[in-house]
Each structure stands twice: as C-alpha cells, then as structure tokens.
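Starting off with a structure, shown below.
Order of writing sets the labels: A, B, C, D and E. Residues in every chain begin at 1.
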C-alpha cells in the first residue's frame, strides 16, 4: 500500500526527512548494485568480478537493513561476503585462473545475450508493471526482521526445513570431498 | 413335372461314366498300358451314348416332353435355391446324343491317332473330363449347373490345347483360349446374377414360365440376354472374341474335332437356343446377334481363303459356320441353328478327323502347300473328306445342304440383303473348302521324303461312320419342300420356341436353291481350274501380295490389333502400376512418412548441440516464449 | 529505530520489484554472456540474490517473517551449491586444464 | 470352459515345447496339439451354441475376460484350427533351425488368433490382436528370407500403427459407455453414438483392419513381407491373419457404428474394387512367384472387403464362405511355392519351366489349386465368389462387373504363372528335381479335397453362419434413415 | 515421517561404513536399511498424517510414491553390487548420496509448503550433481556433472524467482493457501502471479525433463555412470512427477487457462521431441534419455487430464517404467562390457545368440517401454489414454498415439539389433544377481500387465 505510505509520510516533518533519506538511500544502493552487477558481467578478470560482486552484495545488505531485515543483512554479509565470495577467491587463486584470460564469446553471442537479457527485462517489467494492489497479510510491524522474530519462526514453523537442510549440507560436503580428493584413475563402468 | 418318369433317374449315369473314366484314367495314370486308357475312355463315352439313347426312348415312351432329375441341393441360402439338377428334354437329349455319339467316335479315333504319344493316358483323362463337363453343360437344369459345365469345358479346352506343353506357343494359345472364354464367362455369370434377381431363381423351367409376364423389349430382359450373349460370343468364338479358336488348333487333332468343332464351341448356340424364350423377348439383342453372326461368318470365311495350315482352314471354317448358326439364332430360328449344330458336328468332326488322318500320314506336316496327290495314297480318307466337303459346301443331298438352306431361307425371309451376304459367305466357304481338297488330295505330292499311307482301321472306321452321318444327316429334317415333315425341327419345338415366321412359298425356295446351286457349281469349277488345272500353289509367306490378299492372309491383323489394344497396354499398365504407382508412389509414400518423421527427428536432434551456452540460450528463449504465451493467451 | 524502519513503507514496492527484475536480468544476461565458468557461477549468485531481495521486500511489506526465513534457506542452499559447483570446477580443471564453458561439448546429439 | 481349453491348448503346448531339443518330437507334439485343437473346435460345430466363459479381469478398467462365439467367430475358429495342422505339417520333414522356438512361436500365434476370435470384450480383443503380431514378427525376423530386417520391421510398425488407432477407438467407445465404464462388446453395441461422431470414428476403427487385410492404399507392406516370409509364416499371414482383419471389421464396425459404415460404405467398396483391379493387374508382370501370389491374395481379399461393406445377405454368406475357401487355397498355394523353391532353388519365374516333365504329379496338384484360386466352378472359390458378386450386384451392377474382373484377371496371371513354372521345356540344372514325397501328398491332398468338397457341397457352411448373417445384415437397416440428413 | 528420518540416518550410517574399507557390506547394509524404510512407510499407510505445521503431509499419495521409489532404489542397489565392484574409491559416498537423494525425493512427494519443495528438489539434485560426476577421470562424466549442475542451478534461480513472485502476491508458501488465494481471481490472474506460477512450474518441469527444458537430460544421461543414469531415469523421474502432481493436481489445478495451455504445449513438445529425436539415437543411454522425455510427455498427459484416478495412473506409469528401465540399463552395461565399451546400439547385435533368454527378457522389457500388450507398459499407456480421452482431449490423444508409434519404432529398432546376427560373438558375463534382477523385473513387467492394480490415492 504505497499510497497509504505517502499519506502517512506527509504527517510529520521528521518523517519527511526520513523519507528523503530513505529514498536517497534506496536509489543510491540500487545504483551501486546495478552498476556493480553490470561490472560483474562485463569485467573480464575473475578477481575483479569477485570484487564487484562483493560490492554488490554489500549494497544488498544495505537494502536488507532498509527492509527491516537486520538478521538477513547480517547473515547475508557473513554467508556471501564472508564465505561464498572467499570460496570463489580461493578457487580462482587455487586454479590460477586470473592469468588465464578466457576468450570472450563471439560478438554475435554476446550481443544476443545482451538482447535476450534486455528483452527478458522488458517483458518482466511489462508484466509486473501493471501489477495489482498487494494487501499486506499482517498488520504492519517493523519487528519481523529482528533476530528473535526470525528465530522464532525458524525454529517453530520452519523447524523441519532447518533440520533437513543438514542433509543438503552433508551431501554437498561429501561431494566436495569426493571431487576434491586426488585418486588414481579406474576402469570405465 | 407332372409325374415321375420311370428310369429317367438313369440320367445321372450319362455324365457319371465319363467322370468315372476320367478318374480311372487320371488316377491310374502310370499303371495303364498303351491302349488301355483309350479303350476305357472310349467305352465310357460309348456307355454314355447308350444311356442317352435309352433316355431318349424312355422320354419318348412316357409321352412327356421333359423331365428334371435332381441330385442334391447345391446352394440353398436365403431366397437362393440352386439344386444340382439335370433337365432332360428334347434339346438336351439332342445335344447329349451328339456329344456322346460324335465324342465316342472321336475317342475311338484317338486311340489310333494318339497311339505314339507318351502321355496318352492324360490325354484320355482330359477328353473324358471334357465329355463330362460338356454333358453337365447341356444337361444342367439351371443356369448355374450349365455354368459349371461351361467353365469346365473351358478348362478342358485349355488343358488340351496346351497338351503338348513343351511348346510355349501352344501354351500361349491355351491361355488365350481360356482367357477369352473367361471374358465371356464374366458376362455370362453377370447375366445369371441379373436373371436371379429378376426371377428369383436360375432354374430354366421356372424362369421361362415367369418370362411370359414380361413385355417384349423389356430393358432387364435385354440386359440379361446381352450379358448371356457375351458368354456365348466367347464360347462360340464370335467376333470380337474369335481369335482364340484358330490358335486352339495347337491341340491334338481329335481335340480340335471334338472340342473346337463339334461340341464345345456350339455351347453358345445351345445356351441361346435354351434361352429362346428370353431372346424372343429381346428383339434388340437378336439384331445384334444377326450382325455378329453374319460378320463372323463372312470375315472368318474370307480369312479362310488364304490359310495354308490344314487345320487353320478348318478352324476358320468352323468360326464361319458358327457365324451361320448365330445368324439363325438371331433370326429367331433357334431350331435351325441347332440343326446346323448337329450336321456341322458330323461333317466338321469328319473334316478334322480326316485332316488328322492326313497329318498322321504326313508325319505331322500341316502345311497344305507341301501336300498334294494324297487321293491315291489314302483313298478312304479322300472319300470321307470329299463327302464332308460337299456337306459343308451345301451340295444337296448332303447334310449341310439342308441345314444351311434352312438358315438361308430364314435370312431371305428377313431381308434380301442378309440373304445375299449369307450366300456370299457360303460361296466363299465352298471355294476355300475345295481349295483345301484340291491342294491336299489332287495334283502331285510336293513333300519329298514323305510316305503317306492310309491310317489304321481304328481311325478309318470312325471316319466312315461320320461320313455316313454327314451324307445322310440332313434327312433328319427334310423340309416340306421335299415332302418331308421337318422332323428334327418339330422334335425340338417342345424345348425351343422359335419365332413364328411366314413360310416361303415353295417356288421362291426352289428358285433360291437353284440359284445358289448354280453359283456353287461355278465356284467349284473355278477352284478346280485354279488349283488342279493350273496347279497354282499358294504363295510363300514372305512373298509380296496385293493389299487385300495380304490383309486376308494376315487375318485382318486382328490378332495384332488385340496385342496392340489389349495385351500391350495391359502389360504396360501392369508395369506402370508396379513401377510407377506401387514402387514410386504408394510404397514410398508410406516410407516417406517414416523418413520424414526421422528427418524431423534428425533436425530436432541438431538442437542438442552439446554446447552449454546454447542450452542456456534455449532455456531462456523457452521461458521467454512461455511468458509471452501466457500473457497473450 | 522504529521510525526509520517503519519508513520502509515510503518506498513503493514496485521499486523493489523493478530492482529485483533488473538484477535478475543482469544475472541471467551474465550467465549467457560469459565463457568463464567461475564468472557464470557468480552471475548465478546474482540471480539467486535478486530472488532473495524480492522475497525480503515482500516479507517486509507483508510483515511476514516466513519470507525472510525463506531467504535464509536460499542462502544455505546457495552456499551448498557453490561449494559443489566449485568442487566440480576444480575437478574439471584437473582434467582439461580450462574453465572455458565452450569446451563442454563432447556430449551432444 | 471348452473355449478356454481351445484357447489354452496351443499356448501350453508352446510353453512345453520350449525346452524340447529334439526337432522331431517338437514337430509331432505341435501337430498333435493342433489336431486335438481342431477336434475340440469341431465339437463346437455340433454343440452350437456353447455358453461363453467370463471372469472379470481388471475391474477398474471395465475389462472382463469374456470368451464366446457366434457363427462368424466359429467360421474363423474353424479356419484357424483347420489350417494350423497343415502349417505344422508343412515343416514336418524339413530341416529348420531352432525348431522348438519356431514351433512354440507358431503355437503362441495360434493361441492369440483363437483369442481374437473368441474375445467378447474389446480390450481382450485388442490384447490378443496385438499378441498375434509379436510371435509372428519374430517368426518372420528369425526365419525369414533376404532383406527381412527392414521388411519385417516395416510390416510390424505399419500394422501396429493401425492397431493403435483401434486402441484409440476402443478407449473412446469405453469413455462413452454409460455408468460404470466397460469395454464389453455387448455394451459397445448398445451405444447410441451420434452420427457425426460415427463418421470420423469409422476411420479410427477401420484403419487397423484396413491395414491388416489389406485394403488398397494400405497394402504396401504386404508383397515384400509375403515374399521374404518363411513358408509357415506366410501361411499364417495369408491364411489366417488377413481374415482377422475381416473378422475385426465385422465385430467392430457394423454393430457399433452402423451409420458410419453406411456413410463410408461406397468409399470403402470403391477402394476395395480399385484394390482388386490394381493387384490383379500388377500380379501379371511379377516375376517372383511369391510376390505374384501375394498380389493375387490381395486381389481376393479386396473382393471380400467389398463384399463385407455391401453387407447384404448373399455378400455376407459369400464372404464367410470365401474366408474358408481362400484360407485353404492360399495355404495350399504357398505350400506348393515352398516345394518349388526347395526343388529349384529359385522363385524367379523366368528361371523356371518344364517342371511338369520332371514332377508331373506336383504339376497336377498345383493346377488344381490354381483352379481353386481362380474360382472354377465346383471348387470352393467359385461358390464364394459367385455369392460375393451376387451380393455386389445387389448394390450396383458396376461393382459386380468390376468385382467379376478378378475372375478374368485371376485366370490371366495365375495360368501365366502356372505355365511359366510348370510347362515349357525344362531348364538346364533342373535335372535332379524329383516328384512329390509322401508327406507332400498328406498336406496337399486333404487341402485340395476340402477345396473340392466345399465347392460341390457348400451347404453345411451356409447353415452354420445363417443365424449370424441374418443378425448382421439387419444391423444397418435401422440406421439407414438417419443418413439422408448428412451431406453425403 | 519415520521413514524420512530413518533414511537420513541410513545415509550417514553408510557413509560411516565406508570408513571400514569393506565395500562388500555397503550394498547389503543399504538394502537392509531400505527394507526397514519400506516397512516404516507401509506402517504409515492410511494414516495421512501431516507434520511440522503441515509442512509435509505423508498421505497415501506420498507413501505410495515413496514405496515405489524405495523398491526401485533397492533394485538399483542390487545392481550396484556388481557395478561398483571395479571401483575402489568413494563407493560408500555414492551409496549414501543416493540415499540422501532419496530423502529429497521423499520431501518432494510429501511437500505442502513451497520451501519443502525447494529443499526437496535441492536435496535430490545436489547429490545427483555429484553422482553424475562419479567417474572422476572421465571427461564425459565431468561434463555431465557440470552441465547438470549449471542448468539445474539456472532453473532453480527461475524457480526461486517464481516463488518470490507468488509469495509476493499471496504472502504464503503453503500450497493450500496459495490455491485458495488463486481461486479468488476466478481464472483471471494478474500477470505477476501468472509469471510466478509459470516459473515454479518450469522449475519442476526442468527436473522431470519436459521439453523445452529437457536439454540437460540426454547429455547427462549419457555422461553419467550408468547406475546413476538408472537412478536418474527412475527414482528422480518418479519423485519429480510426484512433486509435479502434488503441485498441480493436488495443489493448483484447475489452473488458469493460459497456464494450462502452456502445460499442454510442453506436453506436446515433450512427446514430439522425445520421440522424434530418439529415432535418430544410436547410443543406448541417449536413446533412453530421449524416450524418457517422451514418457514425461505421456505422464503430463495423464496429469493434465484431471481425474480422480490421475495420481494412481501416474504412480503406475512411473513404477512400471522404472521397473523396466533398470534391467535395461543392466543389460546395457553387460553388453557394453562384452564389446569393449561400445555403447552404440550395435553392441546389442548377436545378443540372441549369446544369451537367448536375455534377449527374450530384453524384448519383454522393451515391449513394456513401448507399450505393447501384454506388458504393464501397455496398461500404463492405456490408462493414460483412458484419462485423456475420457476427459475429451481427443486431438492431443491422437497425437500421443502417433508418437507412441514412433516410440514403438525406436524401441523395436533395438529389438531388431538384438536379433541380428553378428560376425564374432564375445562372451557375455552375467552374474547370478544381475541375471536374477533381469528375470524378476522381466516377469514383474508381465505380471503387472496381467494383474493390474489400482491404488485409491
């Protein structure tokens, strides 16, 4: 209910200021995200890619904070920036990929990729533009993103997924170990 | 049938004897020694003849005109009741007597004639089978039983024409005969079916009694008669289905005598005479028969002028005579037709047997240009042959005179033009018959190294009997002109309903006879001058000839025409269907469905490029299309 | 705190949707664009995160924490996937000495 | 119960034969079982009618294991059980590879064929229908002649394609049945299907039968398949399988979609008649004896199809009679073809000739069979074709005339073939050809006897099917007045 | 639920057993554990219990599918005894990964919340990414693994975006609630929701290899170790369709018309591409891959023809299909070994001479795949057609029937190879266990075709 939000915003000056800050922050973060995301795509060096992606993710963490999802913001930073991207870096270094610049795809393919992305973007925007009024399901509260709240939901309602995701991890781990280990070749089938 | 005639049930014996003969000679093929098969076969036919005679007298004694002998129900479904039954009446008795009588003589003759042949037993088996079929044909009490015999004789004719099966040309002739007959048979069977649906029965007596309810010229009757006529044309070798008969001379000579002169080819005449009541109702068909008959008579006679094979001459003369019989039928004088059948059976069988005797004597030579002077060497054969020639030429008082004159006078009654044409044909007949006689028996012997000799008794005795019949056969029916009472015609009158016609006055008749006799005499004289006095021997085949002669000696190119119009296109059509339609359209079309499917498969397979970026693109494209799809739909 | 956070409602939801879609499209474009497997994996992460952002935004607008929990799970799964993916890359690199995606074309047709 | 016995005897014998290694034992056992089966089937004739046998099978799909028969089935059953002993005898004194498998497969085919003719449930019918194909496919594939790999495959796929359409039809009919759905024929025949539906449903159902019989443009699998098939396989194919198509059409089309039949009647008749002429004309120039007979068989079958669609009393009687007669004749023909191939080592007509000089008895028997095939009176073929042409005539004189052309054309190509094989002078290299062996007489004499006896005294066959024919011909009458409403 | 928990534990146990370096006990242990799972599943039959705030629902539907998958897994494990004999390393890992994948499959059959579906798919997929690369030194295996991984992740991204969009609209992840939410629009859905649903459907469709999202499957089937291919072709497919049916049949149907049409398009494309391309396949595994795409089309047909029997038909279909596929893979491996690693269809040539009974059973199995009576495969297709025709989808049914003909063509193409002579015959080594498997499955295929069962699920 954005209109309601705007009406609400008109009431106090303090909130008007907040609004300006919010909007500024939103656009600022968004711009960083989009630009860094584009750089991830277009910059050739893998290391640079990783760095731009980290920038992008940090900006995204900012968005999470804007969205009252403090817990997510923290987890996001930890998981992505702290773990995943480091993993990427490790692999890049391990495999010495930074030196071996891989030739880009042919121009036609690249143009096609851009065009396809563009069309996809336009179609999705077109489809979601004429969207409908979303009725919030619950009364507005800013507390939902708090650790306590999220934790309660996680360990109450989402206990099963939480538990079961351990299976996911263990299989991923088994896989990583299996692939990572060096052993000698064996016969086919 | 009012009451059962005692002993008439013996009728089944008539076909049974030849059948028995067929089975014995056929199955015991290997065990029978030289003449045994011939003797058995002849005996069987002779027995049939005797039984027929007995039947003749039995029927006579009973005072009734006809009797039906039912053996069993052949087909009996729904409204269709077709018993396997025999009809014994004057017409069938006449035919039975001819078939068994002449047949017996020819069988006996064959004992001598086929003496040296290795497969004599098969020969007699087939001859007996023929006799059996022919008897079924004439005795059948309904069209379907008639049809059994009809096809049966066709089969035997096929077998016997191709008796010397090593020769491909003979086989071809045999097949040609069978196929042409089959074409006729198709018309015949269709005619029977139309009959069945018109009258709900195929039994003669029932049909004829119902036929009274139809107007003359009723379309359905015309249709029926036309279809039956097709059958008759095929079997009796009329235009346009006559070319098989001359070729049929490939068979042994007794076969030609029995099947292709005396009996089988007259089946068509028998059938039309049998259906006389129907034909009387169809004037249109009768006119067609006249045209066919007359045309056949003249064209065949013309062709006969230039034939050099002794049997071919006789064959064309047979065709020609059959044309006369057709003419008689067309004129509504069915009895006259049957009478000519009878006399023709005598003299034509005699001619063929005589020719056989000659061929036998000449060691298989059939070309009359190489014969000559046989009169001295084979006097008996000569005299019998002469008798037959006089008979066929219509010289009184030989049998041919009476029957042919009857037909000519009927033609005269109908129209003067018919008469003139028919008489013309008769004169030609006379000419080529005497040409044959002169060339074979007069002059000098032309074939070096041949030692002609008279045939053995077993062959000559039938010749003598037949020549007696040929000479005196005509007295069966002495017309009122000669103070006779037309016994034969009267006898048949109970079974065959001829069209009523005004009798010619005796003076006119005498005038006609005298005129024709005069012309015949001239022709004979002319023939004598040409072939005996001047000893002109017909040219060799290669020598150039004037157009008309060439046309005639090439049989009007009718065979060639058939080859060009039917055989070649048929072969072409067959090839076309097989090579072009079947193998380039239909079959590939089916395969093409499969191939196209596979081709599309191969095309789709190309999508699976193995390239990751392509897969990714494809997925995105798919998703995009589906988004657009669901947004639009 | 409450004031700041409640101001979230000042930014229309559409903006978040558009942002997410943009990110998603960029990520997708990247996947199509790059040949380097590592880079492609990064672009995939971008796509996942755009979904995360969208979920978080919806979660906030609905004031429903389950959306955020879902994001949490997505992160878990993403981490696991990256681990597996990178280990596959490492294994492949050992075999073919390259991380070029265009080399993956032996299985086809 | 006896129906179940008839159905199972071949199947069980087949199973028992599988481990038997001794070829002679296998052949004797198979022959014995087929004779027993024939006697059992014959007993049906005298105890007609026997109540059917029915147990429910797949309830959820409305499928019952229902066996039963009427006059039409009975004719087909008789034909099947009559021909199989001869099919087995054809291999009696001959060397064959893996005899036990071959004979087991033949017995399985027989069982499935009997199943087709006994089934009273469309699903069951379909199962058996397909089951006939599987063993036969392997018979052709493993024991066939040159080029069998592709030819059999085409045959297999082609016929299966048709069958799948039939399956579609069955399911469609099933979905139309009221209440608890079922696939019983009895339920199908009580359906009141809208005429417009019947019009398209006709082809869905008919295509399977059209391919099996085969009707004109769907025949292209046939000549090549016949040509390369082993003798016993082609005997099954030509002798019984084609009749299966006819039986199926009678069972499915006329009782269930009579209006559809009426609508397409003339189309199918014309197609069949085209087939008659087409096949006959093609047969004339064939140089391979087997291919020639294949085309001849197609011509005869086409005539029977035409008769079927005329569907009047005489045509039906003729059709059913011809089913028997054609089955017996074609088997005898193929047996002789096998003999000729054995003796001369070829089937190419130009390489043959003069065999009559060396094997006169074979020539005579061949001629007799040929005569049966070209419908000479006093052979069974004549009675059948006469009635068929009579029936065709009732529809139109042109149909009768074209149908009758088989008689002429048949005479042309069959006699031509006979002459080229048997007559003429003997060819070099044919020196050691011998005449028939006793076993050949055992096969051929009874077959020829049947041909002749049926030709001379056909009445028992007529009486047997009388009732069914009457039922059948009345099927179309009630719907005849519905049709003028359609744009014909 | 107990089965789920026990299976998880079983995976870990197998992992630990791997430390003993005794490969022989792995498969028996796994099979024993799976039998226990089977028993536990049977115990839950008819209870229809939901757990964890209705996150998962173990109703008869899911239990039936679970049982079917457990049975297939047991068969595959039995096959594994011979298959893994040559492999020295990571055997325990592979067994346990399969068990873990099975856990994911269980989740997919029983989800009621999209997060479980998501996790289920991931838990199923990640072990498979790894298993596909099981032959570490085979480039093909690497490639298969990576292709599967990358395309799978890519599809997951869309799937997640779809979930996000749907969540945005309905503010819930619970399937029943989403259904209620959608129902209020009466078929006139806003575009965003439509796209969300479409993305979710595409995510699942990708897993079951429905065209045009099938591109991974032929390559992955070919490159993966054969045992894994068998697992993918059977258990994964079954799980995928169970999830699909739960999503659509139980959850969302009737869908808005546009989405349903999109699904029909996918069905048609699957039938077309799967069958037609299979015509041109000479590698047996690829052939089966394409044919499995085609089978997906048939199952989609059953699914979209809404009927209270659809679930049962899908279960029957997938089970019958699986039980016929596994022995085919076994035979393929045996033949491939005998002909020095040739995986062209020609490898089958002369099989009927080498081992006639194998040829016979292979024929029966292929007949079942092709849908020819009296095998179960026929009944399965028959039931599918009954559904689609009785629901009035005549056009697509005819099309499917035509495609079934094509299917018969390529399956019998293999049969034809089996019964074709070969110049030199290599000996075919078959262990008793494998022989037993082939025979049992072959007989099962026929028996199931005669004694047709039908579960009220």
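We take it that a residue touches a chain if its C-beta (ideal position, glycine included) is under 8 Å from a C-beta of that chain, and two chains touch if they have at least 3 such contacts.
A quick note: this is a predicted structure, and the numbers were derived from the prediction, not measured.
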Set of chains adjacent to chain C and to chain E = A, B
Between A-B and B-C, the pair joined by more C-beta contacts | B-C
From chain D, which chain is the farthest off, judged by mean CA positions?
-> A
Specify the chain most distant from chain C by Cα centroid.
-> B
Please indicate the chain closest to the centre of the assembly, with centres calculated from CA atoms only.
-> D
At what distance in angstrom does the C-alpha mean of chain C lie from that of chain A?
-> 5
Measure off the straight-line distance from the CA centroid of chain A to the CA centroid of chain E, and report it in whole Å.
-> 32
Distance between chain centroids, defined by C-alpha means - chain C, chain D (Å) | 67
Separation of mean Cα positions, chain D and chain B [Å, integer] = 37
Residues in chain B with touches to at least two other chains are numbered 594, 605, 608, 610, 612-613, 616-617, 620, 623, 627, 631
Scan chain D for residues touching two or more other chains and write them down.
-> 157
Flagged in chain A as touching 2+ other chains are 105, 109, 112-113, 116, 120, 124, 127-128, 131, 134, 136-138, 157-158, 161, 165, 168, 171-172, 175, 179
All touching chain pairs, where touch follows the definition stated at the start = A-B, A-C, A-E, B-C, B-D, B-E, C-E, D-E
Footprint of chain B on chain A - complex, ascending | 105, 109, 112-113, 116, 119-120, 123-124, 127
How about chain C: which of its residues touch chain B in the complex?
-> 28, 31-32, 35, 101-102, 104-109
Complex interface listing, chain E residues touching chain B = 147, 150-151, 154-155, 158, 191, 194-195, 198-199, 202, 212-213, 215-216, 218-219, 257-259, 261-262, 265, 272-273, 275-281, 406, 409
Footprint of chain D on chain E - complex, ascending = 309, 352, 367, 372-374, 378-379, 382-383, 385-386, 389-390, 394, 397-398, 401-402, 404-405, 408-409, 412-413, 416, 419-420, 452, 454
Touching chain B in the complex: which residues of chain D?
-> 154, 157-158, 217, 219-221, 223, 278, 281-286, 313-314, 317, 354, 356-357, 371, 376-378, 382-383, 386-387, 389-390, 393-394, 397, 400-401, 404-405, 407-408, 411-412, 415-416, 419, 422-425, 456-459, 462, 466
